[in-house]
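My questions will all concern the structure given below.
Should a chain be cited, it is by its letter among A, B and C, assigned in written order, with residues numbered from 1 in that chain.
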Amino acid sequence: MVRRASSTRRGGLLAVALGVLALLSAPAVAAGGGPADEEFVVVKAGKVITGSGEEIDRGEIVIVDGQIRLVGRRLEYPKTATVIHAETQTVMPGMVHCRTRAGLPSYQRSGVHGDLKTADEIYLDEMDLESFLRAGYTAVNIYPAGTGITGVSSVYRTAGPAGQRAVTPGGYLRTTMISLPRDKQTLRDALKKAKAEIDKVEKARQDWEAKRKEAEAKKAAEGAKPPEQQPPSPSPAPPTPPTPGPQPSPTPPKSGPQLPAADKPAPQETAKPAGDASGDQFKPPETDPSHRALMDLIQKKDGAPALMLEVPSASNILHALEVLQGFDQVTRTLWLGGGFAPDFNNAVAKLGELKSLVITAPAMHRLPATINRYNLVAELFGAGCEVALAPENDSPQDLEAVRARTADLVRSGLQRSDAVKALTVNAAKAAGVGKQLGSIEKGKDADLVFLDGDVLDPGARVQRVMILGKVVWKAKD
Amino acid sequence: MRCRMKRITVAGAAVLAMSTSAMLRAQTAETVSAYRVGKVLTMDAKDTVINNAVVIVKNGKIDSVQPAAGATLPAGVQAVEMPDCWLVPGFVDCHNHTAGSISDLNDMVYLTNPGLRTLDTVVPESDNVKMARSGGVTTALLIPGSGTNMSGFGTIVKFAGKTVDEMVVKSPGSLKIAQAGNPERYWYGVGRSFMNYNTRQTLLKAKAYNQAWDDFEAGKTKVQPHYNPVYHDFRGLFKRQFIASVHTQIYQVVMTTVDMLAIKLGLRTVLDHSEFDAWKMAPMILDVGEDNVWTICGPRVLHFDQSQRRVVGLCIRWYQQGIRKIGINTDAPVIPEEQLPFQAAMECWFGYHPYLAIKGLTRIPAEALMIEDRLGSIETGKDADFCLWTGDPIDPRSTCRMTIINGKVAYDGRSERRW
Amino acid sequence: MRMIRSYLGALALCTTLAIAPPAPARQDSSLPGDPAAQPQPRPDRPRRRRPPDQPPPDQRSGSEGQSEAEPRSGGKPEKKKDDRFLAIKGATVHSVSGPVLQNATIVCTNGRITAVGPGVPVPEKAEVIDAAGFHVYPGLIAVRSIALLGGDPPEDTSDVFTTQLVAALGAGITTVATGNTAAKLTYGTLEDMVVKRNLFETIRYGSSDPAAKRRLRESLEKVRQLLRDQKAYEEERSRNPDAKAPDDKWAKSGEAATHLKLLKGEATALADAELAYDLEQTCELAEEFGIRVVVRGAREGWTVAPRMARAGVWAIVTPRTRDDPDKRLMRPNGGTIENAAILYGHGVPVAIVPSQAGVSFGGLGGRDLLQLNLEAAFGVRGGLPEDAAVRSITLDAARILGIDDRVGSIQVGKDADFAIVTGDLLHYTTIARWTIVNGRVAYDKEKETLFQHIRTGGDENAPPPKDAWPRRLGQEQ
């Protein structure tokens, strides 16, 4: 199947492949001469679907130490490299399930819990993720259950070395806008409080600076001259216009991409300064940990997880946007969930205007109060949204049906390229791990899926799954 | 208990009073009256409308309809002067359950109850009767409810008369059959296949009974069949002297109705309700002939069409499918009888033509009930059943000022305003 | 922008607008991000008790720079950034409060009526509706509604895309009482929804519950005594500074506080009363305590109309309510079609509602809000003058809700809410062609599928709507 396809499409894709080759040829040589302790793995595929738009017939992927280094055709690599022959197969990026509980129990909780992480409730060893592997998912984004602001989701590989299962930074801050007016009020209050907390820190810093200046002035006045050239007063801290807001607050060391010990709850990001209260270091006041994730978002901190809104209807999107007004910097990721007769057709234009990243299930939607169906996913792409597809639920059947159902959407007007993006890069982006996962590109993790047919061929099955350059799962014959 | 006794006494008294008044009436000479009005909707076959007319009534029948200019009144007759009013035939409702008290609605003894009649439950001069005629409705087919597949024979009555006999126009006026919907709730519940089987069996037995008598009467058989009170009334049904009024709606059910009753059993069938997407069966009805299958819409007036998220009016939808004989009913007390004209107004809100809607309250139901020789239009020789309206009779703003039944004033809104 | 508009909308509640400015001020100082735009702490009282004339605190956040006392067109230079103009041309305008204007033009600016009359100039950028041949009425008002908008507060609970909402707009309705709030049917937006909160204080004063009746009287008497004591105290204090103020703590919350508002004339009571006895008792209560009462039902109002007029009681009635008289009673009783007319004739302001306060597609049409206008037409049947019938669902309905300063008639300064219909509002073939809410086209018959196929005026030979039955796969829908 694959071979036939590739032979017929060879001519068409040749130019593309050559282009890729030309682009990558220089690093290819460099890669070829890497240090001996690097571990090379080479995948020779019938077809490589990169996920970011290219499809390379008879493509090759060079993987070094679990990361993709080269993608193209007729690449150079050391003779010692391990070659994985998949000339009859299609290789695609491992899919990221961007919204799952992965079999964890649900529970009732409401209110603001931005400090909660799914990581706190997970014992990876006890989880059986085989059905995800079988369906081609190499990572799952597990969200915290409940309503309101339920916490930050965590992304884990579905297999692989114990220490490297967690994908960080990743996940999103999950917020529901389902039950009105409660959820709306929760988000409104949370945003208000987060903003107040930011202002509180800002004000404390200003006070501290004013005091320091005063002290310096006093010092200067006491001593006839400053003994040495003290750094000019405004320089140690960034300039401080009175507006609170986007500029990064000088809160100490960014918690950065610190890798939490695998399978362990990530240590809580702390607002406490590293230094002691020696006076020349600003000590920010204590802030409410449950609102810190929101504060980071509002302040556009690096690595702050995006806000993901779960909405069951078009009107609730308006309710959410109304509350988020004035917080434009808060990323707009939405899960358009089920409900009895979702009327998301009414929200398409608005979501397109906002260029939202929309997570939804691969299904034809019913126009409300009719029996007519329409292709919501295609409409959203058409309006300018990015769409990530995730199954409605996590039964093995639903997981495995995702590609076939996406193929249905393609038959009803969805562009193939959009469909592939929705399954791969966009899903990774939605899960907050777009930098590491979701496509076959240089620098990304070598989490790959080998199919015995095209990605949108409903009959194609996952044959092998590779995680960080190692084949971790094989289909039984 | 006491209440019932009281009612019996009242009824007895009424019967007494009636008989004396009937005797008196027989002795009186011919009664003549005349009405000068601004407009007459005759609702005749030519759709005649006469502005400024005089209608002369003699002995309870319409004597003549003449233009007011140059009209000659019989000597000694003073015309009732209502020059601003419209004179419209009394409305006819094909589907009314308010013969008696609400507990008489359904005698759900068996799933088919072929021998029952609403005639036994009619209460003259009830509040419902009075309200109905104050709303311009003069004639109705009182039928039993649709709790069973066959709940008995209906009675066509006028809403005037102090005894049941005075009220009755025709009895039996119809056989009530209900298909799907309500009868499904009978006892522990039944489904459509059994209900249709059961209805069909009852009708086939009745048909065989009728055939046996027909054969005997034609001399084909010698032995007189046994008289069976349960089935005897069905003879008129199979001779098409009266109709089968059928509680039927939703296209699949209507299809069964038309097929079983009109085609296979040859009954004159009136589709009461004709709701939801029943209009989809219009081609089949046109095949069978509109004289054999009559479409009477109500009490629902609209249908939410989920194929296109539309709200469609029933009459206009049937009309668009080619059906031309469309009546309108109330299913009183579902819709109070006096609001029958408003049912027509609602059909017009959805695009039906007001004149056709008025036709659906007068001539068409009269034809459907096979009483068009007496009722449903203002024509010489027909019963003088009409109403004087302050304007368009289906406009909610218009009032019925006067109701004349059998040539006599049955309701006078000028002195006793009701509706 | 949205926030500002909603703020202005809410602000308009507290500014009486005898003459509306040509374009409401949109002041720069109210832009979000303004340093002064600090979120206000939420008031302690629960949301439901928010004073009717204040926007919800959340809407005020970010626009506090503009104080409420500040007039809309202040001294500051106005920045007319994107004024929203709407013009309706060539229609017959039924202003309700004034004469009927032929071939008139209505100009609306930012949701307000700014000019009405023949030959009024139309702003260049205006969205123009050519309504020649159509009749413009003020948007209809339903003083009772179910399931069109959400409960209190409607702006946080409503679904603004429902089919019911579209249908109600298709009936020409623009304002409804939902819960205890008067709100607009703002299809597709949450902006400028609320007109007035806390419409009524519901009281129980019916013969079916004598205990409740007694409690109400006792409470009113107690509160009235407090008012007397306070008055006496004021007088006493002028002579004796040591006078002791009466204890009024108990009247600060709960039922007593409600009753205090009633007695001070700050609130209107709503009572369900149908029978003559209950109506008379309610009148007595209103007169005795000098409170403003609106009765709902008033089936036998026609028997006590002069009494109701004297007591200043207003009525919400359903003309078609049928109640056959009980002949055993030695007094006029039961319902009559003349009820509304008799009440009106005696000077009782009447609002008309249908027997069902929602919109139903079950089929038994003509008794719900879809035919609000025809329920008023039944009032005419009973003798109500036609103009009074129109007012009973427009201006008089607005008076009963206490929102006649904003809606209910077509006057300069009032909200731009219109029902643009095909003919006489009270005729049974009249249907809305456009419905305007806050100067926006909220309903366009030709763009909504619900009634689009209806050819008004009984054009029974118009082609039938396109049918999708029987349906076949692959068939054009």
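Rule of thumb we're sticking to: contacts are C-beta pairs under 8 Å (C-beta built on N, C-alpha and C of every residue); 3 or more make two chains touch, one makes a residue touch a chain.
Just so we're clear, the structure is a prediction, and the values are computed from it rather than from any experiment.
Engineer: Of every pair of chains, which is linked by the largest number of C-beta contacts?
Structural biologist: B-C
Engineer: Return the chain label for which the distance between chain Cα mean and whole-protein Cα mean is smallest.
Structural biologist: C
Engineer: Centroid of chain B to centroid of chain C, CA atoms only: how many Å?
Structural biologist: Distance between chain centres, rounded to whole Å: 42 Å.
Engineer: Taking the mean of the C-alpha atoms as each chain's centre, how many Å separate chain A from chain B?
Structural biologist: Taking the mean C-alpha position of each chain, the two centres sit 71 Å apart.
Engineer: Return the distance between the CA-based centres of chain A and chain C, expressed in whole Å.
Structural biologist: Taking the mean C-alpha position of each chain, the two centres sit 48 Å apart.
Engineer: Pull out every residue in chain C that's touching 2 or more other chains.
Structural biologist: Expected reply: 163, 468.
Engineer: Multi-chain contacts in chain A: which residues touch at least two other chains?
Structural biologist: If we look for residues of chain A contacting two or more partner chains, we find 368-369, 372.
Engineer: Check each residue of chain B and list the ones that touch at least two other chains.
Structural biologist: Expected reply: 304, 307-309.
Engineer: For chain C, which residues are in contact with chain B within the complex?
Structural biologist: 163, 167, 320, 322, 324, 336-338, 361-366, 371, 374, 377-378, 380-381, 386, 426-429, 431, 449-456, 458-460, 462-469, 471
Engineer: Given the complex with chain A, which residues does chain C contribute to the contact?
Structural biologist: Against chain A, the touching part of chain C is residues 2-3, 32-33, 35, 38-39, 42, 47, 58, 61-62, 150, 153, 156-163, 188-190, 468, 477.
Engineer: Provide the residue numbers of chain B that touch chain C in the complex, in ascending order.
Structural biologist: My answer: residues 127, 131, 275-277, 280, 299-305, 307-313, 316-317, 319-321, 334-336, 338-339, 342-343, 345-346, 348-356, 394-399, 417-419.
Engineer: So in the complex, which bits of chain A are touching chain C?
Structural biologist: It comes out as residues 180-181, 184-185, 188-189, 192, 195-196, 199, 242-243, 245, 313-316, 318-319, 322-323, 325-326, 343, 346, 368-369, 372.
Engineer: Show me the residue ranges of chain B that touch chain A in the complex, using the header's touch definition.
Structural biologist: 304, 306-309
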